[in-house]
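Each of the next two complexes has subunit A plus one other chain: subunit B in the first, subunit C in the second.
Here is the complex of A and B:
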């Protein structure tokens, strides 16, 4: 596959060379898309490309008078693979801009890679590790989606204060994105006085039998599930089979159509689950309803979900950032993309959810977060937003210095800081 | 204490799945000396084809949906295996490196074709209600029934293979072939035909594992590599070409994975490989392998 692609690219490259004198100004913009079409997040990666394709079709592949050529590349949620594919996009496909990646550790790898590039820009796809932009950010890496920590804003307080739950078991993947999510949850939950027990498992785990046995024997008040993709599906299926019956709280990629649309016993236990994140299936917002309608018309008969997934919406949001900036500079990428990158940093627009998006000084999005509940509606399980917090920034609207002092989210630093005395 | 028992049981049930898949791998290696790097692909093909048969029947609530999927998966894997031996591997008999490379090539092609055809959505089989719920076990409480069924199937596979190899004419030919292919041919046995039969049988076991595995865990692109790796580790630990050895290897690896997950989840993967390294260092032919 790789070989034929590069050969085609070489041919196209020759063509472009021959055509240079006549079309120097209006040559197409080459946009490289990187998403996980393999591995545990294959479903999410596929949906990311669906939403990108839908938007490019809508604008007829043209922005600022220039055509956009979209080149797809796939990774498998592993940082080294994402890096190799990004290199291939830059070095062989000669793209101007990369839109991607999807998963947390991949994002950090591409942030570091972006530092070595001049005159190229990487705009995140759907990856949500906090440190990608919070610590040691790179000047040509932009992220228009909120991160995993932001997505948990309000959830810890809701669980402690509204649901009255005092201790929880947290199951999470053992890599950068779940660290960020667990961190975001714990900051509120522990500060309010809650206690947590953590069960980490490497990404790609398919048999959670032993962890589930431990959880079902403990007397925690609720279970917080911060898995996603096939790991999440395996966990929930096995949890349901083992007769698990604790109240469920979920990370942002768990309560999602990529999970709810898969068949199985997990759907039974997921009804009533509380979660938070940048989207929900049902949001009381006209622009979101229109977007969902458009998505369903385009994709429902071609393998799409009933409503776009979180990854699809994140890719669409980041693409919207790129298009806003390209329109602002009239498609001009000259001068090592300096003007384009300034336009990206200044871009303000509405995400498909209707949320306002702008960037902070680290080129990280400030936007809205929803708190959701899974409900049966129209005969299928849907994620319904019942609360919305506007303009959440990367430090959860707390002073940046104090937030940074908490340290980088990790397995050993899950953000559980008790209330100051 | 009951937690320890549950974890041990989890390890055994996982071992059962590993045994089913790895026994086919071991069987093919034992007679054919082919390190079949496409064994995981046979698992994947059987699971996807089985699912394609299973889903429409399941939608119509037919009780035999799962059994039909199981049968379809096994048959499909067996035919694929036989074709692979007949069309690709048969005419490079004895060139082990070449065969290994060819099977790697097959596995790459198959993986991409399956991705193109079935897409990236994870799938999972749902077994009939009788074997899908939870069973009350004394001292343990509810335990997923299907995991117990897995053990039953693995024991049946083990006993069946033992009977086949030790009590039938085909088994006699296979065992003779392991020791001396040329002499077996000289005795008038159609060795290539025995090879195709063994390959089909080994592949059918991968197919059985595929459908069972996709009932216990989600089926997705990429699990072929995982089960190939598991098969390799199990067979290396237990001893190439030995059915009891494969069982021992599977039990060790299954238990290691589950106990590791309970005690040090992040490094549980390492434990399997530590076992492999220890076995290779002290007994390179595997625990029950013949030198």
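Here is the complex of A and C:
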């Protein structure tokens, strides 16, 4: 205790000594990063930090004439751990802005925590639960990535109309983010006339044997997999080993490099999988191709993926929101960050994918969604975008009151509303 | 021996009483507050839960892995019944009623665990309590109607205590410290009562105690009830500290953390729980700053390993051994 204290004080003292002789330089902006470096989404969290580091290196850690100090913290996808780390970032490390967290339940916990803060801002990392911003939003919580429901825009209609599939089995994690994804899929699919059977499993499940046995015995037309991280890997591995051969539809964090880069039998069944989300490995857009090229140059030899993951791009998008706003106010965070938060709410910029990003009245992103297919290209599986919907908002471009009336996504309310009269 | 323990405990308590003030002198205001609430306060709260394990281990000889789950029962009872929690499950009670109800629920759960585990010892007791803890954890995690599944119940902000807001770091700290102090001295008192002496007799030789005419089983179950009460107090404080509770707070990781705290501190005396939990909380919070952020769990593991290797009876044992080496006077 005393050791760290004295070391900390000594370091701060040294820092002060070094800083004083310099000409009136403004104090650095302290940016806290929170991602899951442990637990089921560890690979996604690492990639989030990779994309943040790459962007900060590109701008030489400076924006609006102020240096940015980036302080990393790690959680494990549990709400209470994320909360403890966020408290440490705010109170001990004295950060001005938190960039994070990565997963759904953590996002809701931090949204609630942000309410207790004044003069601090939390900008989401990659969490995608709908209710984080849709219901009871917090005035200093901003999200520049689209949410799990938005990511499914267009997929349900594609499966029903283009692929002609009438009933599906849905396997999904039993918490906020998959609820949002299933909700988004079902709204279109059920409204078109489709039927769904749901199989829920808690986050951190490793054995999906009984669910897979039931699915393989049933005569559904396709399987929708809304797992991610290690759960997704476990499910797909076991599904492949059990000889599963139904057409596969996937949630947004399933058809992703964090999955395709892992070795195992799952890669065989994943080719041909249809999915939707805010990114794809191959998008017909020059700024995205440049971004992927930069990512590969920077990270391919340091443990990075063949192309950035969804979590990496979400962190980069949210960081871009922060940097855009900081540039707009010239790095000025005074007045309890009021001007900065106004600039955040008004920020308009392009995400790495080339998609336009702006915020709605709940400080939630409106942006583009891609429909993708996993294809074998250059000798490896890649997620290829073949369709793109521009400017999808949080209520899937339906009237907000009607959308809110559908209720909060949950296991008991998976969004399966039959066609209206 | 006993009076010396009391003296040291009183000294420790006095030190903890003035710690917030000392921290304010040494650190900037917001950091002092962080240390008060999130290192010392959190350490004390988890120390209470760890002490329920240490109590059973020291005086009964039972290593129960169900204590975090029992604390969680209190936390969930509070979250289910108190007004203002999100989502509203039952609601309708103020903190004045919900907190006693929560502690009662934990005590009952402690008795149930004791009753189920009453015939087992050693590794079998460990396994049966672990199985109970994991069973309840899985049930809570998958039940939406009562426990809201993986996300748990949030917005348990805590009561106003005599006009002071519980969310104030110092109010929280002194309530946690007061609770811990009362429970700690309560345990020291309890083990000197006839009940406590019989309990220690059962630990050392259950057959002989039975031959003397004492009912071994009910005593063991009652000990689990007392431990449940202690864990319940900790569970209520932990839930308010975390502004809610989710299954992750009572899962395998949390269960093992409580065991680690107890072992780091030493299972020889209830004070070990607090020593262990403060050390654990410190490393849990700061290892990422001291060591590589992507590998900080390694540091926590190494610290644990070193303590257990050098001193199988935890930091308490290390202290005793040090005293013996230096003076060799009255080693325990």
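Note that in this section the second predicted complex is superposed on the first by the 396 of 421 C-alpha atoms of A that agree within 3 Å, B and C clash if a C-alpha of one lies under 4 Å from a C-alpha of the other, contacts with A are read in each partner's own complex, and residues count from 1 in each chain.
In the analysis below, contacts are C-beta pairs under 8 Å (C-beta built on N, C-alpha and C of every residue); 3 or more make two chains touch, one makes a residue touch a chain.
Given the structure is predicted, the values throughout are model-derived calculations rather than measurements.
Q: If subunit A is used to align the two complexes, do subunit B and subunit C fit next to each other or clash?
A: clash
Q: Could you say whether A:411 touches subunit B, subunit C, both of them, or neither, answering first, second, both or neither?
A: In the superposed model, A:411 contacts both subunit B and subunit C.
Q: With both complexes superposed on chain A, which partner does A:399 reach: first (subunit B), second (subunit C), both or neither?
A: Neither partner.
Q: Is A:113 touching anything from subunit B or subunit C once the two structures are fitted on A? First, second, both or neither.
A: second
Q: Touch check for A:94: first (subunit B), second (subunit C), both, or neither?
A: Once the two structures are laid over each other on A, A:94 reaches subunit C alone.
Q: Check the residue A:72 against both partner chains and state whether it touches subunit B (first), subunit C (second), both, or neither.
A: Second partner only.
Q: What is the contact status of A:83 with respect to subunit B (first) and subunit C (second): first, second, both, or neither?
A: In the superposed model, A:83 contacts subunit C only, not subunit B.
Q: Name the contact category of A:262: first (subunit B only), second (subunit C only), both, or neither.
A: After superposition on chain A, A:262 lies in contact with subunit B alone.
Q: Touching A:174, do we find subunit B (first), subunit C (second), both, or neither?
A: both
Q: Does the superposition put A:164 against subunit B (first), subunit C (second), both, or neither?
A: After superposition on chain A, A:164 lies in contact with neither partner.
Q: Which listed stretch of subunit C (127-135, 199-207, 217-225 or 235-243) steric-clashes with subunit B in the superposition?
A: Stretch clashing with the third chain: 127-135.
Q: Please report the subunit A residues shared by its interface with subunit B and its interface with subunit C.
A: Subunit A residues touching both partners: 1, 37-38, 46, 76, 174, 200, 202, 411.
Q: Okay, in this complex, where on subunit B does subunit A touch?
A: Where subunit B meets subunit A, its residues are 2-3, 6-7, 10, 13-14, 112, 115, 119-124, 126, 132-134, 142-144, 146-147, 216-218, 220-223, 226, 257-259, 261-262, 265-266, 268-269.
Q: Would you mind writing out the residues of subunit A in touch with subunit C in their complex?
A: Residues 1, 4-5, 37-38, 46, 72-74, 76, 78-81, 83-84, 87-88, 91-92, 94, 104-105, 108-109, 112-113, 116, 173-176, 200, 202-203, 410-412.
Q: For the complex, give me every residue of subunit C touching subunit A.
A: Subunit C residues touching subunit A: 26, 30-31, 33-35, 37-38, 42, 138, 141-142, 144, 149-152, 154-155, 167, 242-249, 251, 253, 282, 285-286, 288-290, 293-294, 296-297.
Q: Touching subunit B in the complex: which residues of subunit A?
A: Listed in rising order, the residues of subunit A that touch subunit B are 1, 37-40, 42-43, 45-46, 76, 174, 199-202, 204-211, 213-214, 217, 229-230, 233-234, 237-238, 241-243, 262-265, 303, 411.
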